[in-house]
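There are two complexes below, and they share chain A, which is joined by chain B in the first and by chain C in the second.
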Partner chain A sequence: MLRLAFRNLFQNKTRLVMAVGGVGLALMLMLALDAVFTGAEKQLTAFIDRAGADVFVAQTGVRNLHMVSSWLSYSVVDEVRAVQGVDSVTPIMYVTGMVDTGKERNLAYIIGIPPDALMGKPWRVTEGATIPAPGEAILDRAVAAQSGLRLGDKVNILGQELRIAGLSEGTASITNSIVFISMSDFELMRGVAGKVGAGQDAQAVSFVLVKARPGEAADALAARIEGKVGGVTVQSRANFAEQERNLVKDMAADVLTIMNLVGFVIGLAVMSLTIYTATLARRAEYGALKALGARNGHLYRAVLAQALVSVTLGLALGLAFTLALSALIPVTGSNVALQVSGESLLKVGIASLIIAGLSAILPIRQIGALDPAVVFRRRIQ
Partner chain B sequence: MISTDIKTNVTGVTHLTDEAPQATLQVSNVTKRFGSGETEVIAVRDVSLQVAPGEIVLIMGPSGSGKTTLLLMLGALLKPSEGTIKLGDQVLSDLEENRLPDIRLRQFGFVFQDFNLLSALTALENVAIVAQLAGAKNSEARTKAATLLTDLGLSKRLNFLPEKLSGGEKQRVAIARALVNDPTLILADEPSANLDSQIGREIMRLLKRIAKEQGKSVVIVSHDQRIKEIADRVLWLEDGEFKEMVTMVTDPVCTMPVEREKAASAEWDGSPYYFCSQGCRREFLLAPWQYLNGSGQRVAITGDVAIA
Partner chain C sequence: MSIARRNLLQDKTRLALSVLGIALSVMLILVLSGFLTGVYKQSSAYLANTPGSVAVVQNGVSNFYGSASILPSGTLETVRKTEGVSRVIPVTSQIIIFEVHGKKQGAQVVGYDPAFGGGPWSLAEGRGIQADDEIVVDQTLAGAHNINVNDKFTLLGRELTVVGKSKQTAMWAASVMFIRKSALESLLKAPGATSMLLVTPSDGATAQALSDRLRDLPGADVLLKSDIIANDTQLFARVYNGPLLIMVGIAFLVGALIVGLVIYTATMERQREYGALKAIGARNRVLYVIVTIQALIASATGAVVGVGLAFALGQLIMTLRPQFLVSIEPVAIGWALLAGLGMALLGALFPARSIARLAPADVFRR
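So, the complex of A and B:
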């Protein structure tokens, strides 16, 4: 019966192409959307993942980076440094603001870093300085390229004109980019009085990035810092990134659900129609098989196998489309990054199985009700 | 002039002696009703029939006479309202519905008018799939199928799809499919209807060879007069009942159809002529040439027909 299922499926090439193509596109919709959000999650947690810190110290109640404001007294930096298990600390300043390139305005995480920063600086610089000096900014290469900017060109950040001193990579996402400026410029722009750095006074920082000593567990160190330093929320890098991802998921959950549902319904409709019409077209043959002695179970298996094979091919096609898309998009200079996750593949795979099962129900009912005697009555349509 | 040499009796029952082999199929007083009350239709009425091993029985009759209904009951595709159908030692009419597919698969071979081959499968696979349904392993089923198809002259067509086969070849594949599980009874529904006369005859001779050489009982339902040539018995079904077959001829004088066996007859110029009455006979004998158009007796307008 499996042979029959395969042959039935591959005999009508047009129908097969339409079915597999339709299901493939529907599943691609689900996969690509998931991939966009998985890619966005990666991009959005890029700073947390790549800043070099094991532990992040923030103002009490601040558990993520996106669209938050965190202010800590500079004294916290020394308090954290004094905690057992801390190897080094780097204070950073952070705000979400606009970068005006002259041609366009881009939303950006603006990170102010001290000149001696061990952490929190751009992790991959393709050109120029790795740490911005006063009056300088390090911009994402793709953002600069979109505006036709090069090293030495000027951009306006938080009302100040800064010279592009470096170009970083992997610091742009679907929603924003990351711009690195000096902490002193940040203070001036934000009107934060005082000085930072060794031997200098300061009033506030946004986060304290902490490097743990070798062998020190990040979660244990985070708990220890939170116990010793008052007024702070401390999280390991993994927890901080997870919180960020959850936030993105929360924001995107409704859109994802709706689009996944749309993809599912389209896939189901295409598959149902295909399997139904394929079964209808072979009604006489199924009737003959029943007359010859085939049981309903035999025929159900043939129909289900056709649905499963079609959907599997559709899933493979959808995955191929998505992977091709994820390879093509960066070439266009877009900041959208598609990343197909195992979780997404599993979800869409399960959805495919459900589509196959549901699409076979109607034809199975049709076959179940088919009277083998119709073969003799020659009334089969 | 159409005539028949078929010997039959009204019920179609072959009276078996003690020496005769046990009938493959025994149909006893089978009736099939559809609907009830005022809308009740009796499609088959109190029909009895026995088919011996190796015997070919042809069931003929006009459209709506109950032939298909009877064939469906014989093939365990429809349960009779009354009476019993026995295949070998098994009373089919008493079996549970879920046991019937297995009986059809192993005990019956079906040959359809439209061949009903699976269009996506090759000739070999069309035959093998039925063996596989009966539990044969793939290689065993393919070997059996190949042997049968080769025996039926299709050794060079094994891997052809049905669309690449002629009508006669398709029917041969269907016959191989009917034989693959070594059934005791072959039921053929208008097996020559979609074939030209020469191929139709070949297929009929093939069925006869199978019946005689392999001892398979064959029941054929058909309108095709040519099948009479190979049939051991011809039964006429009309209004759901088997009826005696008679030959109808046309009175050359008044052109009325008359039953040959009961008609008044006369011989002229070496040929027999039949009349509705002595009056027509006398009139004919006075000037026969007036009525013949030089071509002998006008042919029967209805050919073989049945009477109750």
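So, the complex of A and C:
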């Protein structure tokens, strides 16, 4: 039966291309959307994953990094350093703001780091300095390239003109990039040290990044710091990253459900259409099989096998399209990252099987009612 | 025309499936663009409904969303004393991520002073803010998480009492919430901090003239409120446009393939008739027209059904998930119908190719 299904499908190449292409694209709709969100999840945690810290200390109630505001008094830095099990600490300042490249304005995590920062600095610098000095900024390479900027060029950050001293990689996401500036510039621009003084605590920091002593469990250390230092929320790197991933998951869940449903219905329509027309076009052959004594059960199996083969090919094509797209997009300079996850493949695979089963129902009705005498009538192409 | 119509109507189930396929593609395109338009509209709701036509923000800040702005102290007093200023609303705002029922939720929290304005413009229930431990939450967010007036609500570790539910403040990912300005300053550990001044010119003064007059404020930028709204739209466009274009592109190709598949099958079934037409002297061009008309009929019907489906799905989404606004604009419908036309023309390529190859002698064989 599988052979019959194969022959039926491959007999007309143009139709096969359109049918499998249609199914492939419909499944790609589901795969690509999942891949966009999986990619965004990974991009979103890039700083947390790569900052080099085992534990992150933030203002009470702050469990995320994306677009949040966290302010701690500078005294917290010394209090954290004194906790048993802490190897080293690096305070950073953080705000979400615009980087004006002259050509365009990009949303960015603006990170202020001290000159002796052990953590929180750019983890992959392709050109220039790894820690920005006063008056300098380290910018994402893709963002700089989009505006045709090079080392030494000027950008406007938080209203101040800074010189690009370094270019980093892996620091741009679908929503924003990460830009590193010196802590002293940050203090001046935000008025934290009281210079433009809107009343901010003098000498405040946003997060304290903590390196644990060797052999010290991050979760236990986080709990210890939270117990010893007041007014802070402390999370291990794994927990902080998990919270950030949950942010994307919780906020995107509804959109994903809707889009997956639409992709599923489109896939179903394309698939039904394909199997239906392919079966109809081969009515004469099925009639001949019936005239030769084949039972309806045999023919049903042939149609089901045909649906299964088409969907399997479509799924392979959809996956290939999505992988091709994920390889192609970074070349265009876009910050959208697509990442196909095993979970997503499983979901789309199951959806495909259901699609295949349902699509076979329509033509089965046709076959069941088929008159064996049809074979003796004019041949239908 | 009649050949095209008859060819198409020959198998009604197939035609119905193809119309459904195209309709779904058009629907997807429309719902996606409607979602984007909805995000734009929701993102501008606060500024559009708060008095003032000129905005004063920290130097280098040009958005309401996404940028943390802190104005230099003394800016408020300077602006108030400026000639041509009728009203100044100082607000502090910040995106805050919190958890409700174990789910992450983002909100643009606006701190306002009830004496000057800048709070909720339309309340579904309750009242505006009076004290530092009070909060007005968005009606949709409250509905989704069963939050009622007088309930306690924790924000950045501080317990607040819900005193009202605001209307028109819903937004996917960041609904607007209101607390007293001094309370937000304290939550952000920034006493006295003001993010934005919304300035109304006095009678006779234009927004542009006032904006020019305020231009030299130290450490601050002065923009028209409409420019801030446009910048916010651009900010969201930058985030959403990439994935959206991918989806629309795929939906477009799926639609084209569906049209192609249907017309191709219909053409192959009528191969003999097309051969006969060729044998009696019909040129390829005539046959192309027949094929294209079939494609156009199928896709036009599909596109019209798709527009209807898009409105229905949009309504369904907004009923089930009120935080989404799906706003389908006439321009988007125009584009979707054009996309349907594009799908038809692209889809017609496949059958046209096989017709061109058809030898007139085929009709006399078999």
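Going forward, the second predicted complex is superposed on the first by the 337 of 381 C-alpha atoms of A that agree within 3 Å, B and C clash if a C-alpha of one lies under 4 Å from a C-alpha of the other, contacts with A are read in each partner's own complex, and residues count from 1 in each chain.
The criterion applied here is as follows: a residue touches a chain if its C-beta (ideal position, glycine included) is under 8 Å from a C-beta of that chain, and two chains touch if they have at least 3 such contacts.
Here the structure is a predicted model, which means the values were calculated and not measured.
Of the two partner chains, neither chain B nor chain C is touched by A:50.
Contact with neither chain B nor chain C is seen for A:141 once the two complexes are overlaid on the shared chain.
Of the two partners chain B and chain C, more chain A residues are in touch with C.
Of the two partner chains placed around the shared chain by superposition, neither chain B nor chain C is touched by A:224. By the touch criterion stated above, A:211 is placed in contact with neither chain B nor chain C.
Once the two complexes are laid over each other on the shared chain, residue contacts for A:22 go to chain C alone; chain B is not touched.
When the shared chain is aligned, chain B comes close enough to touch A:290, but chain C does not. Of the two partner chains, neither chain B nor chain C is touched by A:42.
By the touch criterion stated above, chain A contacts chain B in their complex at residues 1, 3-4, 7-8, 10-11, 282, 284-285, 287-295, 298, 372-373, 375-378.
Chain A makes touch with chain C in their complex at residues 12, 14-15, 18-19, 21-22, 25-26, 28-29, 32-33, 36, 59-64, 66-69, 71-73, 95-98, 100, 105-107, 156-160, 174-175, 189-191, 196-201, 204, 233, 243, 246-247, 249-251, 254-255, 258-259, 262, 265-266, 269-270, 272-274, 276-277, 280-281, 325, 329, 334-336, 362, 379-381. Residues of chain C that touch chain A in their complex: 11, 13-14, 17-18, 20-21, 24-25, 27-28, 31, 35, 58-63, 66-68, 70-73, 94-99, 103-106, 154-158, 172-173, 185, 188-194, 219, 221, 231, 234-235, 238-239, 242-243, 246-247, 250-251, 253-254, 257-258, 260-262, 264-265, 268-269, 271-272, 313, 317, 321, 323-324, 350, 353-354, 366. Taken in their complex, chain B has these residues touching chain A: 68, 71-72, 75, 77-78, 101-106, 108, 110, 112-114, 116, 118-121, 125, 129-130, 133-134, 177, 189.
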